[in-house]
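Alright, structures below, take your time with them.
Shared between the two complexes below is subunit A, which pairs with subunit B and subunit C, respectively.
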Partner chain A sequence: MSLLTVSNLTKRYRRDKKAIAAIDDVSFHIDPGETLALAGPSGSGKSTIARLVLRLIEPDAGRIDFEGNDFLALSGAALRARRARLQMVFQDPLAAFNPRATVARVLDDPLRIHGIASRSERPRRVAELLERVGLTADLATRAIHEISGGQRQRVAIARAIATKPSLIVLDEAVSALDVSVRGQILDLLLDLQRQERIAYLFISHDLGVIRAIAHRVVLLDAGQVAESGDARTVIDAPQSAIGKALVAAVPRLNRIIRQDPT
Partner chain B sequence: MSPLRRFLRAPEAVAGAILLAALIAMALSASLLFPGDPQAIAGPALLPPFQDWSLPLGTDRLGRNVLAELFHGARTSLAVGLAAAAAALVVGAVIGTLAGFAGGLVDEVLMRITDAFQTVPSFLLALAFVSVVGPSLGVVVIAIALGTWTGPSRVARAEVLSIRERDYVAGARVIGMHPMAIAFREVLPNALPPVLAMSSVIVAAAILTEAALSFLGLGDPNRVTWGGMISEGRTVLRTAPFLSIVPGIALVLTVLGVYLAGEGIVETTAVRRGLS
Partner chain C sequence: MTALATVRDLTVTYRRDGSEVAALKSISLDIAAGERLAIIGESGSGKSTLALAIAGLLPASASIGGRIDWFLPSSQSAGAKAPPSVLPDISPSRGEIGSSTVGSSPTASVVGESRDKGTISPLEGEMSGRTEGGLVEREVRKSPFKQSYIPLPGRDIGFVFQDPSASLDPVMTIGKQIAEVARTHLGLTWLQAYAKARHLLERVRLPDPDSALQAFPHQLSGGQKQRVAIAAAIAAGPKLLIADEATSALDTIVQAEIVALIRRLVAEDGMTLLFISHDIALAAELAERIAVFRHGRLVELGTTAQIINAPSQAYTRALLDAHIGLDAKPLLNRAELQT
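Showing the complex of A and B:
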């Protein structure tokens, strides 16, 4: 059974009394422990889907089933409790944290809110989380703005895994990082997926990264699914017009395909 | 450069700090230097200043020591000014945060209430409130806060409207934080700097409003106030102008000191925030 099933999701925005569909009848599913990539040009609705799946905004139509339950039917305390299983990592690791926060507070919050560890136990759990994402425990006392971008994104991943989720939405989670750090963060994500069987909804415009880490891909164009399927198959031989355009726009990718016979 | 050193480099800020320090020293030392009731008769009536060195600023119409009254009046001015401004800032920040964060109907209702308070002149509001409830220190504080919380509330709301769209607020929702905790732990502290920047103006205005209320006889009758002293002196303005001039000067210097020191603090901390 799939972990997350999105059916006929639709979100419209009103502009000058005209309703514009940002997301139009989109359906997809994610299996446990799987990485599904969402790709598409700017404005194709990738981030809107991320926010809909996380219930940060509400859809106009459609259905979201998560872990076998109607996710859109939840509200209030029941929704907040269920959020433990569905986490997110943002693109800009600086904007994703309260500018006044320390690393310890950022990681303490989810443990406290979901009652995962007692007050006396929490500092140890924070240290464990930091070590889990490849950071040292003494980083806990530092302010968020005092650590580097790569460290910050590791803290963001630590916060996301603190509540032991089954699905993490990664909204352009490595796009703001420089290339050397990007590789390390992707390795960390793959490592976590192998060990904890976390599924990822991986939103990116970087087809090279998607081809390297995603199992399946959904290509979006103007809020609709243009093409979907196995990540390598789709990217190596796109069928839709937007898929061809996206692949053609990545100069690096031609070289990768030539080197890799699969 | 540390904020303190930057503060000390601005001459107007230092002048303000000195005036404010003098005022606080006056307020704190009032009962040490002038024990007993400042409203007790201390000498002959209408003694001019600098005549008798035991009564350096002379006496008023009833023979009360003007210097003692001035020191005790500093207490009232400072206490009422700070308490009213603090109340206005707290109420304004909380209401502005709730309105901005909740949005929709809650925002509509809270903002229409703010409008209602803002359309009534704040001094008239204070005047009406004190005359209905009766003059005492607490009532005067509430009366002044009643007319001043709307400014901070609008500034806080505007700030919250921009902050609530930030990623870290979405992040707080994703980890399952309660909306009230998000509003007051994540949003409000980050919306505060521009609200606090208004505090110097609000404290200065509150001190003036208190003086005006006292001048009209609506201050706490059991306490010496500078506004009350000016009002008392008004009846003998031609023969003993110093009775109005002395507390008047004290009032001007106090408002100036509060304003300059407050602006100095805001400016130096603003630069610090810009750097980090």
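Showing the complex of A and C:
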């Protein structure tokens, strides 16, 4: 059974008394432990879908089923409880967190709010979380603004996995990172997925990264699904006009690979 | 190779919270006239500091060592007359000098002119002011104008930044913002300057240039705003165009269009291009030479083919290996999902 099923989702915005569909009749599903990528030009509706799935905004039409429940029907305590299973990591963790908070505080919050660990137990759990994402426990006392961008994104991932989610929405989560750091964060995400069977809704403009880490991809254009399927199949031979345009626009290194004995 | 500018032992240090951070450490490189040179590096590599130093746009808090010498056509330097009234706009760090220049002799119209050997270093001029105070700077300013030439940002150097919304005035029409550059630096009347602006909007392929002249920045998309910023940057016919992460905030398709636009404009106008980017693949597509920066140092500089196919430094190889292109080996073991 699918972990997340999005059916006929529509979101309209009103501008100058005209309704503009940001998302128009979009459907897709994600299986447990699977990475589904959303790609498309700016304005295609990628981030709107992320916000709808997280219920940060409400759709005008359509249905979202998450872990076997009608997710849009949930409210109050039931919604809060379910939200622990659905986490998020954004492009800029500095904007997502209180910059003056310490790393410990950022990780302590979800443990406390979702009642995952008692007050006395929490420092140990914070240290465990830091270790899970490849950081040392002594980072806990540092302020969010003091640590590097790569460390900050690891903290964001640690916070996301604190509530043992089944799905994490990653909205351009590696786009702002230096390439050397980006590879490490992608490895970390794949490790976590392997160990905990976490599914990812991976929103990115980078088709190279999508092809390297996603199982399937949905290409969006003007709020509609233009094309979807196996990530490598779609990106290696796109069928839709927008798919072809997106692939053609990717800068090529055209590297002549030297002979490698392996 | 004819050099447009030579950078020698350039060191830039920022003061922050009482401590000094070296953003550039003894950088020497030549910018060849008419070439497309990419400066690539990760965050903190000093690539943007280099762009600002070359453009003479470093903040007043930066201390600068070394020199940048320019080899610009003499015809241009002979006619180099910036209206004194615009001087405060050139560089906020020089605002004090600009305002005191109004009404003074033309010798003062070039700010921070060098004092030695007919070579030019805007940096030296700035340094004297910063290290020894305003009085000394005033004396420097009054020194006789030598046959030296300092490029004027906006006229000799066009600059395109990452965020076009931040470069454009939100309450001024597109037409006026471009015309203003042409009027200031080329001495055109407003009418001529607007005609020039319209032509530039055509050249940057903005749809419907006539309405665009009257439009405000918020009415345009991100890609269109960057086209306008480019039109303004080239309005005075600069010899050097600096694009600092000019396509990084744009989506991939628009990025490809803007890169193609920059390539075409640089070729048509015979400009030299300094292309600052974190993206080695993008740099390789556009540039003839690539300089790799890390931690404020120049790691290596070579032709694009050399850097991409035969890098001499381990760091360059690491950057190339970290690139995830459409031909990259997938990181995902796809069999695992079937468990």
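Following the convention adopted for this analysis, the second predicted complex is superposed on the first by the 252 of 262 C-alpha atoms of A that agree within 3 Å, B and C clash if a C-alpha of one lies under 4 Å from a C-alpha of the other, contacts with A are read in each partner's own complex, and residues count from 1 in each chain.
Here, contacts are C-beta pairs under 8 Å (C-beta built on N, C-alpha and C of every residue); 3 or more make two chains touch, one makes a residue touch a chain.
Everything numeric in this text was worked out from a predicted model, so none of it was measured.
> Kindly say whether there is room for both subunit B and subunit C on subunit A in the superposition, answering fit or clash.
fit
> Check the residue A:Val53 against both partner chains and state whether it touches subunit B (first), subunit C (second), both, or neither.
neither
> Tell me which partner A:Leu207 touches in the superposition: subunit B (first), subunit C (second), both or neither.
Second partner only.
> Here's one for you: vertex at subunit A, rays to subunit B and subunit C, all C-alpha centres; what's the angle to the nearest 10 degrees?
In the superposed arrangement it comes to 70 degrees.
> Tell me the contact category for A:Val179 with respect to subunit B and subunit C: first, second, both or neither.
second
> Would you sort A:Phe90 into first (subunit B), second (subunit C), both or neither based on which partner it touches?
The first partner, subunit B, only.
> A:Asp187 contacts which: subunit B (first), subunit C (second), both, neither?
After superposing on A, A:Asp187 lies in contact with subunit C but is clear of subunit B.
> With both structures placed on chain A, which of the two partners, subunit B or subunit C, ends up touching more residues of subunit A?
C
> Just checking: does A:Leu130 make contact with subunit B only, subunit C only, both, or neither of them? Give me first, second, both or neither.
Once the two structures are laid over each other on A, A:Leu130 reaches no partner at all.
> For the combined overlay, can you note the least CA distance between subunit B and subunit C, rounded to whole Å?
Here the least C-alpha separation of subunit B and subunit C stands at 7 Å.
> For a test of understanding, state which residues of subunit A touch subunit C in their complex under the given definition.
Listed in rising order, the residues are 31, 33-35, 41-42, 149, 178-180, 182-183, 186-187, 190, 194, 205-209, 211-215, 232, 235-236, 245-256, 258.
> What residues of subunit A sit close enough to touch subunit B in their complex?
So the residues of subunit A touching subunit B come out as 51, 54, 56, 80-81, 83-84, 86-88, 90, 92, 95-100, 109-110, 113-114, 145, 159, 162-163.
> Which residues of subunit B touch subunit A in their complex?
Against subunit A, subunit B makes touches at 166-168, 170-178, 186, 189-190, 276.
> Which subunit C residues qualify as touching subunit A in the complex?
Interface residues on the subunit C side: 42-43, 222, 250-256, 278-282, 284-285, 308-309, 318-320, 322-326, 328-332, 334, 336-337.
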